[in-house]
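Note that chain A is present in both complexes that follow, paired respectively with chain B and with chain C.
On to the complex of A and B.
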């Protein structure tokens, strides 16, 4: 028996909306688990990444941990996909690029409305923020992009099924949108 | 006998003095464009209407139609060049579609869909640009300005006000407002001005109406711009 393709997913600086949209394929998830084996993904809660055929990345790159996870995915995944606006162009989190990092941290943790016990968190376990939020193609090479905020369940389904069947991927007009 | 040229193999009639764009629009054939609006003199700056005539690439909105010419507007090579131009427009500004009131009825977005652009590809500039909310009825978000000069032309040629101009050169080019403070609220600009209704992106928007039409039911949500046409033709429905 041929082994099923292994798929891993991660949410970097995103809102998990793209993962929720993946779950919006509803009962088709039963077909999906027949087609693939899930490796590291929030859906399985597996924390370590093995060699995979396909990696789906949600979210942009905003901190040191995001860089580490993204590079590990690139190393382990034959095909890497930017899923959703944040992975594709930084999305909403990249709107902080309009301001300096110190300015953002001061506003959030020191001077913002309703802040109690002001002070910028500095626990060594908290990943350090990058100066700017970047789309993932600015950090690693990627093979495919799937735009949308989030990409619809149907767009994700079209993408996965056509890719897994080795067909050229073509979307109906309504499945590609940037918002 | 009327004169004609070939656009992607199809005969397009034209009259002397018409551009390729004029003739194509009159014949109901879509050539993508952003800075072009038939109500104003052609500008030729966005380069999205690029077409190929015998190996030479020209902007359809400024090139005169001539008898027997063969124009290619839909080959993969032309579409690829358009995608690269659009990708540069996207990375030069801050086009955050999920956070934009214009999303779904935005001509920049719709032309990107038409050209098959999926991602910006290039490295983002993430320029720091202001939002001017000083005017009581209209907001200007400079992050979304693509320097098409439609507002400049509308204010100068139709409104007779010259509220807008482009200042600086090259990468420093930016839209400026004629008022003592440089703010829109201190200018003679009014929501009824033509210049308030020609922006192909979400850079100039009326206040308080951003979400009257829900996302998913907007101009380009169901059908492509090649069928639906420009935003300006649907002003009343979408703004």
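On to the complex of A and C.
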């Protein structure tokens, strides 16, 4: 039997909306599990990453751990895809780039309304934040971008099925207009 | 300076309106005068002009924001801008900028769009795109006046003059001397004499005959695109319209080009004669000479030539006594925008607006100034046209090649013994220019400016002609002591700065290219970045809206092909490198948390293949 392509996914600095949109393919998820084997992904709760054919990344790069995960995905996945506005451009989290990191952390942990035990957390368990939030292509090479916030379930489905079948990827207009 | 400062902004604007009129299309010209007088365009001037000319405040502010030489907030009383072309840099301008900054007790370095302004408001130091003094650089502009041949001594003296607050009129005259440096005279340059002969012929033989001579000559535009001049004139003549206009493009913004400056200095009569002949052919009554702001020092000279020609009956009403042959020329100044050399942007600018390119078609010949049929030609084209009408079309055909009749005037600069103006018959090979100007060990020639082509020695047998190497005249030489990546960095910054911002491929692509070039220059680039540069360059060529964006990636793509080593020797080993330094991106968080453990750092990527995957 031919081995099915292995697919991994990760959410870096995103809201999980892109993963939710993937789940929005509804019953087609059953077809998908016939087509592919899931490796590390929040859907399977597998925490370690093996060699994969395809990696889907949601979210931008905002902290040291994001960098580590992203690099590992790049190492292990033949094809790596930036899924959604956050991965592609930095998206909503990158709005903090307008402000200094100190300003953000002070607002959240020291001066904001309702803060108890004010102080910026410094436990080594907690990954340090980068000065700015970056799109993932600024850290590793990526092969495809799938824009949208989030890309619609249909767009994700079209993308996955055409990619897996080795066809050139083309979307019907209804899947890529945003108004 | 102090006595005249008493003039109020409102008073000054009122006076400008009286002398120069209330046509909304004069907005830019009023703004330039205000800027000149107050080192900025104060709010009061915005209000006054918007009311008097009936244009909205936003339009006024948009124009101020668009033009590099207009500012909402004051620069220094002495506003100094160093010409920042690669040729200025090769002549040591960076060192001189640092020297001046130190002498004036400023800190930092000026960058595109970031001027250093001294707290006391006495002086500011910034950069300008090529000011067209490449054969006598490094150069700068002080309050818009060109200063040439800078060296440490001159810069030292400028610092003193600024410190002492000596007004420009009392600065040493030799600072402002601009040489012509004509090194080789050809068809056009060998005879500056002009006695209205072309106009006499036009009147004697008629407009049809004049146009036929231009047609016969095969004259093609000298401003870059090489469109056949007779066809342009004929289209304009035949296009329906209420009025017609003749526009002389003296924007000369292409880095490394300075021949129009020389033509306007010593051959202005012939250029104006060419415009007048064109007016006679197409039936225009008004013309404009759009003079780049950097050449403002030529304004009095040009005005006096116009005035004299009016007195001689060669311009104005009833030219040479011919009833109904009325034509006059206004000079409009630019204000530091390369894109305003593009003909449709130039027309927008003539109409007082931001210099944003128009949609074409319709082309200016059918819908140009004031939406009327308009001929836009380069300075050199008008000069050649005057001679063609005077001496006949075959005269021009006497030299050149099949598709390129006549001669081309080159502006030669960079690594050579005798930079300056050279006129050659079309068909002249590059190596001949190099040997005539005393260039040795030449590594590369950038022909036709930053937007042109990069030539390697393998190209030096190629010929200057529309069939092979078309050129608007810029010819910049780089010997083998130069790092060509310095050229690429300079041009990439130039295009990112000069993009008008209207379309995404050019606005964003230009900035991306600049960033990638800088990344490679900093030794942080990878193969992947080079392929990105090619990819972005191809999109810019294909998808940009106007010529600026189409040509902006040329230097990158040409050097990637012909001089790959200037990039390769700086590449990191990896196939892909991040676009920022990862570990320093944690610096703020480390400082805020006081952490310095292993998790508080990001190690450099280990090259692929040398690590066992997890």
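Of note:
We adopt the following convention: the second predicted complex is superposed on the first by the 176 of 179 C-alpha atoms of A that agree within 3 Å, B and C clash if a C-alpha of one lies under 4 Å from a C-alpha of the other, contacts with A are read in each partner's own complex, and residues count from 1 in each chain.
The rule is short, and it goes like this: a contact is a pair of C-beta atoms (placed from the backbone, for glycine too) under 8 Å apart; a residue touches a chain by one contact, two chains touch by 3 or more.
Because the structure is a prediction, the values reported are computed rather than measured.
Annotation for the three-chain superposition on chain A: chain B and chain C clash.
Shared-chain residue A:129: touches chain C; no touch with chain B. Look at A:51: by the touch rule set out above, it reaches chain C but stays clear of chain B. Shared-chain residue A:5: touches no atom of chain B or chain C.
Once chain A of one complex is fitted onto chain A of the other, the partner contacts of A:67 are limited to chain C, with no touch recorded for chain B. Contacts of A:138 after superposition: both chain B and chain C are touched. Of the residues of chain A, those at positions 132, 134, 138 touch chain B in one of the two structures and chain C in the other. Within the complex formed with chain B, the chain A residues making contact are 82, 85, 88-92, 94-95, 97-98, 132, 134-135, 137-138, 145-147, 149, 173-174, 176-179. Looking at the complex, you find that chain B touches chain A at residues 90, 94-100, 103-104, 109, 112-113, 118-121, 123-124, 126, 128-129, 215, 221-224. Chain A meets chain C in the complex at residues 48-49, 51, 64, 67-68, 71-72, 75-76, 100-102, 105, 120-122, 124, 127-132, 134, 138-141. Partner chain A is touched in their complex by these residues of chain C: 528, 575-576, 578-580, 582, 585-590, 592-595, 597, 599-602, 605, 608, 611, 613-614.
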